[in-house]
């Protein structure tokens, strides 16, 4: 019953399709290192939004494993990203998650960098010192209609621009750039980042675990086994399917692309999107299914826009509603801990306490996040057990978990072959 | 003075007889892994008692290293053991140490197992899914007159039944199955599990460290160097020896086997037992040496039954008195931490506050456990010191420590040779 | 941008002169192990002062990595050092940092050692036991005018006596043996020990970080780039240089050796010393630059003696003033944590509250230590970042950092070649 030592190659090539992964993928520090190198240091990673740095001089720090990156808005309103490391003796430049600066001055010996990364001043370095090659190291950054993705590799995956072109029409109407962060939560899940993502890619667990989330979400949207349903259930499911089709048609006629695009495991920058009808009043992810914010996003006049969801490999998911956006990033800390960062965005003109109430705004996903964290921890504990072995995915409700695994295994194989 | 890197083989085969072990046996994470695989995942491990799960549907969880096992009493009153891992995506099924359930329902996606481990329900898995091969994985379990031993190996050591046959007559009169747990303490010792066991296998340290334990226990019962004793001491020792012999004869005539069996290092499932006279009033392990519980165990009518001790390799020791039982398991957590779980059992008909007082019942061993924990920590700190080297055992007072080491080294050699 | 796995050999031989070290030197547990073996277990390590054990029977424990050493004053007033490990089963003998004992009695089984380390009593070990070869293991110890250095190697570096001969005339007048510890602080810096030492070997960071320390210290004493100074600055710098020369001549005429000796990277036991003039009233490292203690050290009658500094490789620095001494040791805990132990010494006849006020005495270095700890942590965080790469040292202000690195790399190379 004991886990034999496996090479990463053997683990990757020995993955059993349709099943959860072998234990070391969740528990081994060596696999975690490989995940960082192969996945998080080479792919486009969702890290935040333009409203994280609304004004020139605003800085946000984001940590990905041991890497720390500065997201900066420069004086020309351009958002840039740099490694958070001084080029002198390597001090971390900014420790706080948010800051506002004129220039970037290292606290150690006062080396001073412009918001464009250029080394402007390095005292006592002598006449022979060439400051021009000691600017901050840049990090690749793309803004997809206000969603910020970075890539730590020298040569980022080239398909991002295509993904952005496909997704921009879906996201643009929600006008991320004209929002503000109403609330942010940082939750450390006691599990491997892949368990966080697997959990995110199915709603098989929703009925038993998410009493709040299943208020606005239709259970039928997440797969079921037709042969297990009674006639009433089946009729409801068919009614839901019809609603989805008519809603898509209606929303698209309003200029809101809504139909599913599913390219989760067929490209390097895997993603999926679809706009889904909501239950009840159908307006938002709230306990009363009504809008949480009185001022809608963008130019919306109709409150019943359902919820546009957007998932990316390896680390993000987002729900764009008519009145607010909830946007999530999963950031690995070590093989057994993952930071889930959640931001609730509202129209930047909305006034807290007047136009929206934070408790109401965040109730559904705060509860859901905590429930998911407990589930992820249960799976981590299970994977650590020497008796664990990969188990089968449901062909009806865990297809997207399987697609995540296929993407992950494919990317690891590509890394090992490179 | 520095510790060289050693292979496990070199360490095992280079052990110096009559001496404490080389430092890596206490400090190395790699040796700890090997200890888990060779010792704790292959031998019979004492984990608790039938009264841990007194009623059908009662569940107790026990963790051995990273393994987690469910002890369950089924509806037919049979006690069973299963790995605490869901066969779907591997979630830990039960986190609590004690629970009572109808069936075992995984919280994640509601897979439902019977108390016999059978998978009864797995929603949405589709028509092709074969539930019959996805029952909970069983763990070997034996009850030795109510003491529960499990073995995580596929093929457990076969000599357990012989040990049980030898020990049953000693233990049966104390009627473990008809007790209840009056009190349980979980103490994490900051030391390797072998230091916990070494400490348990000698009373060389009792005089200087255990003022409470040495009230009921005769000092002479634990070895001494005759040439260091004055005439008065020697006379007392001889008197003690005579008492032991007459007591054995008396108890055996009452149907209580009492003479020593010592097979600590001569079999796979090493063990030792003996019934020893107690000091003072001679009734129990209490500060006044009188019974702590007014209702005796089993059918006892005579209070002066001494104390029947039972030690097993690798991880348990027990004291059966006329009025109560104290039973200990050592469960390794990592190379530097060990859980010592102690349970005080009394007749299940005894009423707390009327028939027994918990403070009085647990006083001697609560103090003793804490003293031992401090000693084990001192030795762990010492073993971590690069200047540590194995030191000699006393031929008069540490013979049983040496027997533990011989058993351990022998089992490790067998593992490496297999 | 990722750190490749490096062998220690490749790291040592690939060091880029004039630059900070490659990341693994700061972050790798394996390099830390090598640092312990090659540097801290083989060189003379500063651990304290004779006044740590003022009376016979006084014991001080010092931990270097996993090693623990007892510093003991015996009944003949000789200071000795022993490994803090019982020769029986290896228990740590003394846990407290300071104790006073008659003999050294192991708490476990009462083995008893004299203050000279001899095993005096080992009960129950039998007639064949030879106590004469089971005394405490001695550790090499030298007192340099009251400063205590130990070496854990069997064959310590032989050049210590020469260093002592060179340094004794500088230190002797401050009469360390006739002081007492007015205050001690133990601060755990969250960084590798080499970052602690690098930080200690330059004042490039003083202006921006040490508002208290730069009150008594002249900025010009720590290097600057002449071409970056305005005429006023240059004139001040020249004035300082002249002051240093006249001060040296004056102090040496008083019998106080003052001129620089710099042998940081040219010998095994690298060191540097110089007596430097102080700013303001020029008496002490205090916020008002006046003496903190009314009773001077030794036989001093003149309060303006500047500050005699003494630095040793790998782990100490000291400032000897006219009225008090501040003495520092850096003791590695793991690759990312270092204990900085600071002691403030005053004349043993001085009375707290009458002759000196502790808050005033410790203000400058307490603030400075905390500031340095924050800087060291910033660099540790930076070195952990995969984007870190070694950066250039200032040829004007970081020469002594470079000398530390040359010494360190040289010693590692010698270790690897041995």
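A few remarks follow.
In this document, chain identifiers A, B and C correspond to the written order of the chains, with residue numbering beginning at 1 in each.
Following the convention adopted for this analysis, a contact is a pair of C-beta atoms (placed from the backbone, for glycine too) under 8 Å apart; a residue touches a chain by one contact, two chains touch by 3 or more.
Going by UniProt, the chains are A, B, C = Aromatic ring-hydroxylating dioxygenase subunit alpha.
Computed from a predicted structure; not experimentally measured.
Shared contacts of chain B and chain C, meaning chains that touch the two of them, come down to A. Judged by shared residue numbers over all numbers used at their interface, chain A and chain B contact each other through mostly different positions, with under half in common. A separation of 48 Å divides the Cα centre of chain A from that of chain B.
Annotation for chain B: no residues touch 2 or more other chains.
Residues 1-2, 20, 198, 204-205, 207-209, 223-225, 227-228, 375, 378-379, 381-397 of chain C are the ones that touch chain A when the two sit in their complex. Those residues of chain A that touch chain C in the complex are listed here as 37, 41, 65-68, 83-92, 95, 107-110, 123-129, 134, 137, 152-154.
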